[in-house]
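A single structure is presented below for examination.
We just call them A, B, C and D in the order they show up, numbering each chain from 1.
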Amino acid sequence: MLAWQILIDGFAIGSLYALGATGFTLIFGVSGVLNLSHGAIMVAAAVAAWALAGLAGAGPWAAALGGIAIGVALATLTYFVTVRPIQRSPRVAEAEKEIFILTATLLWGIIISEAIAYLFTNNAKTVLPIVEGVVGWFGVRTPANEYFTAAVCWIAIGLLWLLVNRTRHGKALLAASMNPRGVTLLGIELSRIHLAVWLIYGVLASVAGILLGMFLGVSSYSVGPLTASAFSIVVLGGLGSVSGSLIAAYVVGYLETATAYLISPAYRTIPALLLLVVVMYLRPQGLFGRR
Amino acid sequence: MLRHPLPTLLTSACLAALLPHAALAADPIKIGVIAEAQAVAGSSIAPAAQLAADEINAKGGVNGRKIEVVVYDNHSSAAESVRAFQRAVNEDKVNAVIASYISEVVLALEPWAARLKTVMITPGAASDVITQNIAKDYEHNKYTFHGYLTSSALAGLVCDAGKDLLVDGSKMKSAVIVSEDAAWTTPLDAGYEQCLPKIGLKVLDHIRFSPDTTDFTPIFNKIEGEKPDVMITGISHVGTQPTVQWKSQQVPIAMFGISSQATNSTFWKDTNGATDGVLYQAVSGPGVAVTAKTLPFVDAFQKKYGNLPSYAGYTAYDDVYIIADAARRAGSTDSDKLVEAMEKTDYVGTIGRVAFKPKGDPNVHGLKTGNGYITGLMLQWQDGKQVNVWPKNLASGKMKFPAFIKVQ
Amino acid sequence: MLEVEQLTKRFGGLVAVKNLGFSVRGGEILGLIGPNGSGKSTAMRCVMGVDAPTAGAVRFEGRDIAGLPSHKVSRLGVGLVFQHSRPLNRQTVLENIKVALIPDRLGMLLHSAEIDDRARAIAERVGLGAVLDRKPPTLAFADLRRMELAKAIAQHPKLVLVDEPFAGLTATEVAAFSELIAEFRAEGRAVLLVDHNVKSVAALVDRAVAMYLGEKIAEGTAAEVMRDETVRRVYLGGALVRAARDAAPAAHGAPLLEVRDVEVRYGKALAVQGVSLHVREGEFVALVGLNGAGKTTLFNAISGLVRHNGEVRWAGAPLEGLTPAAIARGGIVQCPETRELFGDMTVRENLELGGHRLEPTALAERLDWLFDLFPILRERTGQVARTLSGGEQQMLAIARALMMEPRLLILDEPTLGLAPVILETLSNALHRLRGSTRLTVLLGEQNVTFALPHADRLYVIDHGRLAWEGEPDRFETEAADAYL
Amino acid sequence: MAPPSWLRSRPVVAGLVILALGACVPLVGSGYVLGLLTVAFYTAVFAMAWDLLFGFAGEVNFGPTFLIGLGAYTAGILDARLAPNVSLWLCVLAGAAAAVIGGVVLALPALRVRGPYFGLTTLVAVLMLQNMVVVFADLTGGEIGLSVPDVMSVSATANYWIAFGFMAVSGAILYGLSRSPIGLVLQASGQDPVQAGALGFNVTKHKLFAFVVSAFFSGLAGALMVFYMGTASVGTFVDISVGVQIIVAAVLGGRRTVIGAAIGAVFLIAMGEALRPLGELATLIVSLLALLVVLFFPDGILGMLQGRSRRD
């Protein structure tokens, strides 16, 4: 029964991590950008959904959709305000673009989270859950929301997979991540691909944020830890490797859950951090990264 | 050159230094308020203090001197609070400071209160270390006062309520202590361990969880496996998260104890109602006339600001009166005289009768608690409202639980 | 002084250098020659210790240095003149040279006058005396190269490795550099020059080693190597044969593509200078030139991938201001030498992406047509591009470009790094392609023999300038000797 | 003879102007301005130490607070446990030593990797330290912080001079180091490690050295600041947001100048304080300003000051 509990809980939290990290790694894969405003966008989407439901009286589905809209808008804005100007700036040397984009997205994340705190205080907010109640399987009572979360994560990841592998436009995205120059030579505008990636990223990050908001609640305090955890998972899996990120997300999810059950909830995050350090040391390209 | 911030600062500093500072009799008594505007608990501190100052001024002030409140937002940061404190004392020449509900911030300010010899009182921090530091080096740290309950005092008050409500009222016999792994819960948990067996609740387990826990399912499952009658809580920073999962997982065990965020009137909305049935200790509650001053304060606050004060709002309101009272008795705003007068405080405020523990007590300058002094309340969220269920003479409703909770 | 034996370097599955052996004596200049991708640079990096060889021995003064980190190799007396390096842009030229003189100790906290003097002396020697206090971004390209040379001299190396010494330099600058390098020899140092082709270093080297596909194919004096049959095959593609062209080219009419006075700079280096050429509808034009002559750069300028001066006109209108993708959509499709395939996608997916603007039925027809043209691709449809052989990858790259229905196909170095057997298949495919459509082609080739049979007209490019222009049958008599 | 070249360098001139201005402040500034600048000066040392590592050795350290926190907590814990039997200055030195040891332990794995991986390794170090502080709350005081019994001085002016002197000396050393032969080698290693290796430099050794120097000054500054503040807490010394502020300060002031980092730090703190009347919006506006500088003046404040004279 304990094993089953660990299995279910680890799966739910791992799915959530996976969804959050997928968008993050997608952006890196296609445009080489590490978006440090990631956590802020997740939280903004969740808080927007909370506000729509709590303050404007929208239903759970409408609130969630509204939250996604806000998250996508913010992600697009991130691209236009911070990433694109630096990518195109002739005054920033190529070698330094990375640190500039990191700094700019970091500052942008702070701006977003301060704005959230200003408008809605930094209290943790819970998004109105779409499904309620509990499900009892094998003698373990699990919130239905936990299954819902895992299901939505996998549907979103599945849709992304279908988009990327089964549609023409999606394949162009995938191609751009392998060889941006090749894509340009085929007459496809990279700038449109980048925009498309940021839009998709916006949807993924928002859905992840809103699900987290239903599962646990979020506040502007969550911004830093959320970015850090996406970053860690993505590096653990290998930068730019979507499948690597998915596996790493479950590794971290299960490691945390197992630690909480078997050792103590006080040490929940430590083994995952240790694993990360060990992987960095022995296999710097990540578990599934290619060099 | 003036566009450069440093010269601008220097110029302004220069000007400030040139102004005369001799305290005239008609000079206002200045009280600095350093608080967290973005946090619900902290956001009531400044408005409540202002309300008290306005009331005092409307009645002619203190010995002819008006009270002036100067507000500083500290962004919940200890480092920024230290800067604000220096600004308050050195630049704005405040006579006393009301500071923060966060223990980290108050502890960072304590040495500054000592260095700058300025009276400081916290309306909401709970750490025992604050008063322990005063006991350790009284002469140095005597400027700090603890205007809220310390963790160990809170544990005692929770046990008092537990005896009536849980043991005598619901025939409960066992409990699990659940608290966030933080320094402020160490004395709280020690207090629980000590007093729970005394009131007849067997402590089955003691779980401390990391404040950045992202999933409480393992914790609740473990507790459920131990089959206690009640969970005695010690949560502050992470209040929303465990409450939400408690509800969504339908953990059949009541939560009872400290849950700082549950005292916020917005907590129902923040948790989408998951808090239904949560019992939490507080020094005040909506509609609860702890003293004759409580409800008039709440009404005035709501009329002026459109929302209900947080727990630190009540204490901040009282703290202004306490400082004003001490200044009146001392006939001066000299810090040492103010300290002496503050130590003799015996004032009935919105949360009860306030008096500070004397020199020699391990928690010197902490609030006296128990019969005759502050007893606290035990409130419960019921259908979107905070209902007081304890003590009996102040109760406005009976303890009741949502359907998923099993009570014998 | 330096002996290399059985040197092998593998990157993953790719063998960059295979059983390479050569030696350099003190007071000798050895040229290590080979086209792009032949492994010459990798061999040099293995000597320097930048890369660790997979197998084999690198002996320097009798000591095996294979696998030593580069700072240790350097301290033994090996210096490397980089082709591209990133100088310290905020420091002066003098300080840049000083860096090379600083001993590798952490105690060096103060600048010493001795180092200063030595740096000045070296700067004088390489001809930087006048610009000592300027910062690298303000220097002319040749002076930047001088600075690299100065840094190598500062090390007092017994063996100097020089990477493409003359790339991007003018004729006078080449002469000055040759002198500087010859001085090394006069001082008794050993020199290893690495370059694309024999011609540019022939006057300077005592001996040359030619490489192709990671292996040594010839060794001897420069003249011997130039006369070597294998070397000629690699560069020229064997004996010159001119195949008769069936279709009469459209010799007149307005040009489809017109390039006027195009000039491209990479930082300070002039890669293409004042090139003008044109291609008419239906024509097959070949631009031949050795590696590094500027073909790829010119093509990239046409495709809008690099900034350039001068004008490129397409079907009568200037291309200025269009993005590379818009130019490609406009009908100028480039099949680059690097192929730029989507390595983790299958052959079919690569082709479908090429035809991403086609209707499903048109796409299917086009695929069928290409599979007839390159039957091997039909067998490989489900295979991931990365795992194809070099020849197959090249065919896929061409096929992918053709999926775009180009009006002008720019084919850059299709033979690069391919075994001779494959060249024939490729040549046949091109022939069939010319037979089945009225496609306009601009082919960039080093391998003249490969280009000649297909071309209607020929341009020869050398050091970024057009050197010759004419009909293929005049090439052998007028330009062939000057070519290699 | 012309003045020596270092006197003509703009960063040095800017640095000297700041020092001159700084020396005048105690004459006119109130205790509050002094207190504000005291903190700004310590932050300036953090930022300069970070810039040595990033601007010169080319390594983006996301975890400056790991080094600072180690220094601060080591000094604080020693003092809290052993005072009054141990001198305050001994605790400060122990803090610096701990930061150096921690720096080496972190650098050994971190220097094996580059780019984002290096960044993440350093970030993880901060998260670990943060966890450790909470887990070993008995020793560290946990999330509410640790009070230290000793203070350097209760006089605002004395504290100001200590911080000011410390910043001036650290700045001079770090700047001198950046201009010394080692600084050149470091810069070469950061720009083009392959070439630096081929020139005979052990790149790893030099980067490790840069890390150690950076760690030493970060730890020392952290330890000194503890005895100024009177408490050590996660929010002041370890939290990622503190590291973010340091990085922003260095980039804002102008990378690769050492002195620019100090200017950036003083600017950020002064700005945050000047905007305090705006209350909750202050952080937002400071971040916005910083973002604008990063986007429009990539060379930072020092670059802006130099802007007009850079046509050479």
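In this section, a residue touches a chain if its C-beta (ideal position, glycine included) is under 8 Å from a C-beta of that chain, and two chains touch if they have at least 3 such contacts.
Since this is a predicted model, take the numbers as computed values, not measurements.
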| item | value |
| --- | --- |
| Path length in steps (a step moves to a chain that is touched) from chain C to chain D | 1 |
| Identity of the chain that, by mean CA position, is farthest from chain C | B |
| Comparison of B-D and A-C by number of C-beta pairs in contact, larger one | B-D |
| For chain A paired with chain B, centre-to-centre distance based on mean C-alpha positions, whole Å | 36 |
| Distance between the centres, which are taken as Cα means, of chain C and chain A, whole angstrom | 42 |
| Whole-Å gap between the CA centroids of chain A and chain D | 31 |
| Interface hub residues of chain A, defined as touching at least two other chains | 117-118, 266-267, 269 |
| Sequence positions of chain C contacting 2 or more other chains | 86 |
| Residues of chain B whose C-beta touches two or more other chains | 38, 76, 181, 210 |
| Interchain contacts, given as pairs of chains that touch | A-B, A-C, A-D, B-D, C-D |
| Of all residues in chain A, those that touch chain B in their complex | 5-6, 9, 12-13, 50, 53-54, 117-118, 121-129, 132-134, 140-143, 145-146, 215-217, 219-220, 225, 256-257, 260-261, 264-269 |
| Partner chain A, residues of chain C touching it in the complex | 86, 303, 305, 323-326, 328-329, 333-336, 338, 340-345, 349, 352-354, 356-357, 400-401, 404 |
| Chain C-facing residues of chain A, complex | 95, 168, 171-172, 174-175, 178-179, 181-191 |
| Touching residues (chain side chain C, partner chain D) in the complex | 48-50, 69-71, 73-75, 79-80, 82, 85-88, 90-91, 95, 98-100, 102, 104, 106, 108-111, 115, 135, 138, 151, 155 |
| Contact footprint of chain C on chain D as seen in their complex | 176-177, 180-182, 184-185, 187-188, 191-192, 194-203, 205-206, 209, 256, 312 |
